Amino acid sequence: MPNLRQHLTDTLLILAIVLAFTALLLAIVGASPIEAFGHLFKGSFGSWSKFSRVLNVWIPLTLCSLGLLYAFRSGLWNIGVEGQMVLGAIGAAGVLRWGVDSGNPLLMLTLALLAGMLLAALWALLAGWLKTRGGVHEIFAGLGLNFVSMGIILWLIFGPWKRPGIASMSGTEPFPAALWFPTLEGWRVSPFALALTVLAIIITARVLNHSRFGLNLKAVGHNPRAVSLYGLSPQFYLLIGIIISGALAGLAGGLQVSGIYHRLIPAISSGYGYLGLLVVMLANFRLLPIPFIALFFAALNVGSIQLPMMMQLDSSLSGVIQGACVLSALLVFGLRKLKRGRNP
Amino acid sequence: MSDLSLTILLASVLATAAPLIIAALGETITEKVGVINLSLDGSLLLAAMVAFMVAYESGSFTLGFGAAALTGAVIALMIGVFGIYLGQLQVAVGFALTLMCKDLAYFLGNPYSRLQGPQLVAQPIPGLADLPFFGPLLFQQPLVVHLSLLLIPLVWWYFYRTGRGLELRAVGENPEAAYTRGIDPRRKQLFYTLVGGALVGIAGAAFSLGIKPGWGRPQGIEGLGWIALAIVIFGGWHPLKVALGALLFAFLQVVGITLQSLWPSVPAQVFQVAPFPLMILALLLVNLLQREGVQQWLRHRPGLALLVRQLQGRPPRALGQSFRPD
Amino acid sequence: MQIELQQIHKHFGKAHVLKGIDLKVDAGSIHGLVGENGAGKSTLMKILTGYLSRSGGRILLDGEEVECETPAAAAALGIGMLYQEPQDFPPLTVLDNFIVGRDTHPDNHRGRQQARLQNLADQVHFNLDGEAQLEQLTVGERQQLEFLRLLGRDARLLILDEPTTGISDRQKERLFAALHQIRDQGRTILLVSHKLEEVVALCDRVTILRHGEVSGEESAPFHIPRLLALMFDQSPATDAKPQRRAPGDALLWLRNLSASGERTGLHDCNCTIHQGEVVGLAGLSGSGQGLFLRLAAALVQPTAGEVEFHGRSLNRRDHRTMRRLGGCFLPANRLEEGLIAGFTLVDHFTLALRCSRREARAAAERAIDKFRIRGTPDSTADSLSGGNQQRLLLSLIPTGANMVLLENPTRGLDVESAGWVWRYLRKHYAGQGAIVFSSAELDEILAVADRVLVFFDGRVVRDLPMDRVDYQDVAAAMTGN
């Protein structure tokens, strides 16, 4: 299978470039690359508890990446996924605050996640509408809305939803344990959230690659002018694509609130939306590699938390490695394209 | 408002606008030749960090600015090589670079965080600084302000009054046709992408060595790169209008700070994000004005139509598409 | 300058487009290069100007071997080309367009350049305003400007690729006069065309290409049937036009319709299309025909007036409804507007028929068979040749369609394929409904249509049944006379 071999060579080549670049960077700041990589690895895969932390990052990152895939299929750069995640968190937190005394936690949690997805989908729809109706490029619309959503969440935490007494960056009052997303005894990551994510992967695979809806979405992304001739409305599919994208990001945000932090905090999205864009680019806009790349990126994020304590390095090293991965992938894919063009 | 405070207000608008003008004009040059450098938000930050680091270690502003320009150019080189020569999506390369440069700046700049470092101070120009109004406005400012103001007519003159500027615009409109006329569009694109990137780098240095001195995480200029990109669209890819957009934005920012102290009941967060919905509204307005219905309505109002025509701009036709001969 | 090409080869991917071309052009002559669409004329010329690289062969100028790797190199050797599609910069002014380029005088003084432009224009009796925006010019004027640039840079060899496409008769006359004038100055001209009457009128010698090979060479005076025999495998059978039927019920009404777009827009158009009609839209390219078709297909929003199809008003860009009622539009830019690059035949049928993939595969197989598409159900649309893309588009027309709107349906097809397309369309769609088509070739319209609408400057200036059509009159109306 030459195809598989080519993928493997590409992957190894990308990793080699990234490794060399990172080692060089660490050498510049006078740190030992071996030690740093060791800490990254131990910090993420060193124990079951650390690996659970990785999985807790993997869940929202994968959900955001899956969502992005829908938008990319229809040809949209949904950079607003970050803000959509924030709105999802806000929606979920709003329902949970309202339902604190309801006495039916399961219903409230379900409602919370649904509300998060709905709010995030509407937020995404706004970006899509600005694009299709207003002619505002989705990158700028999405980005602007991201900053606005940051403003909204800060305003809520410091204003109407502030903790009794003092408002602070530590977020709102935590919810009672009954309203936490269910997990199993002794598990630091909720198996139900994991199952939900895996289900989302399976559904996405089915919808994007084997349904007529997926084909229509892809057709719009490939040639929005031609699809009108087949009786499809490109605007409809663009909007649907970005709505699904937003809903999945909203689910990620809702899970962050109900399953991880149990309250609303300013950094609830943790940059997973932007990181999701890198995941999808590194996956070359294909579904299959996404869960694995997301796991790798999640491990980097969690592992790098050790660096400031152990080596006095900034934890942003993980972001540098992730960016380097995507850039070297673009380099390798680009060189391959060039080579193919030269000898057909 | 008294004369004095108006002067101070306008002077601080000019100072706030200076790095934005430089960055937005740099991006205008890049986009006019048909390339999108989306990495501004990251490259401004990385260049700011490098400028501070180099100036701190060497004590030389020249070296600081030089290193920042080089940083911006190297980032632009990656956009150029990946986008122009390897045929990758320029937007994808730019976005990955945005995120990476930001993290790289935090990572490498960690040891220089919150240090007291060199800072460009206002240099009163003897003789002119004592002029009423214009003295404080123009001649008691750091050098970057003068640089930004000089750059505006310079870029305009280069675009519209020189042969090389004509070639630049021609490549951005139709690289194939430029190629048939003996111009190498890819070399032109790479060159001006580097020039634009270097200007973005200088803008970064203007922040960390002048307008927002020092280095830290956060630096306080996060998000401004995106604003600069939006200003280029708002300015219709025309240097004068782009500069005007940057000045307008700086004006709103300065006024916003004043307003914030006037209404303490409004949470600070609202003022901090205010520029971004304004950016969306501005882009929306520019687009809606081009609608057929609006245009028809304007046909009966010649005065307004003239104003709108001045506001409108068309992107270079080949913007973001990579040209490949044969 | 004397030009000699020896054994030029060109491969595009797997396709071998030029199979060893030998061509010799004498200094100070007008040499014609003719052949049907796709014979390789344009490719050969683009190699000579360095726009395309060659896969093999030698180029000799005045007996010396040269490399023409880039347009810059070719320009330095004195080779200049007038491309079929103007290679210029519409948002810039006429003077800017005249100045820009490394192939010409490196002088940026606008006053002096304006004087040069004026001087050149006077020499060949063209009339151009240097300060006008280029996008406000007609294609013919844009071509005149490029021609002046070539004259101004003292090109010793001028290559003209289909220079009369889309220009008026008057512009054509001026161009031909200018060509004779510069030939007499001792320059060499290579004229690429598939319009034999032009070649015969202008050229001293003619080389004929067929399927990427030289099939013959002739000197003036020319014998047209002989040229035709060398161009085509068999001389094209003129399609016997079927008996004209009386038109049936009205299907489509356009009332006081106006829209903006293309170059001219469309102004106040009134027209009714009946069942059984084959309507040809004549006019110089971009005179409003494309807009007419897109309005009729409910793909473009009119600024005034209305479209009614089967009694339903279709003013809101509602191509879906149009399609459901039996309407169908095939654009000229197949890959840009009609097909989806990267999608396979099966994908296309799934989209068009809204069916399962299994049914779509069966439909694709049937279409390959019936329409003789050279490809498999899993070939992507962009891997098909232009003719096969057109066949694919035709096969996607729903069987019950009663209003088939076609934009330049035979563009890029050879005569044989074009004949097949017309026989197919007439047989399947002219009976149950109507066919409306535009074409750049007046001859095709006169041969196929039973009613002609003539467009000029965004207006329908003639609406004639075929028995009242006079060639000279239509040709004159197309150019505004």
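When the chains are written out, they are named A, B and C in that same order, and each has its own residue count from 1.
The criterion applied here is as follows: contacts are C-beta pairs under 8 Å (C-beta built on N, C-alpha and C of every residue); 3 or more make two chains touch, one makes a residue touch a chain.
Small disclaimer: the values here were computed from a predicted structure and weren't measured.
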item	value
Chains most often in contact, by C-beta pairs	A-B
By mean Cα position, the chain sitting nearest the middle	B
Of all other chains, the one whose Cα centre sits farthest from chain C	A
Centre distance in Å when chain A and chain C are each reduced to the mean of their C-alpha atoms	48
For chain B paired with chain C, centre-to-centre distance based on mean C-alpha positions, whole Å	44
Between chain B and chain A, distance of the C-alpha-averaged centres to the nearest whole Å	29
Interface hub residues of chain C, defined as touching at least two other chains	none
Shared-contact residues (touching 2 or more other chains) in chain B	none
Complex interface listing, chain C residues touching chain B	49, 51-53, 70-72, 75-76, 81, 83, 87-92, 96, 99-104, 106, 108, 260, 301, 303
For the chain B and chain C complex, residues of the former touching the latter	162-163, 166-167, 169-170, 173-174, 176-184, 292, 296, 314, 317, 325-326
Complex contact set, residues of chain A against chain C	212, 215-216, 218-219, 222-223, 225-233, 344
Sites on chain C touched by chain A in the complex	13-14, 299, 319-320, 323-324, 329, 331, 336-343, 347, 350-352, 354
Of all residues in chain B, those that touch chain A in their complex	38, 78, 82, 85-88, 91-93, 95-97, 99-104, 106-108, 110-111, 217, 223, 226, 229-230, 233, 267, 269-270, 272-273, 276-277, 279-280, 283-284, 287-288, 290, 324
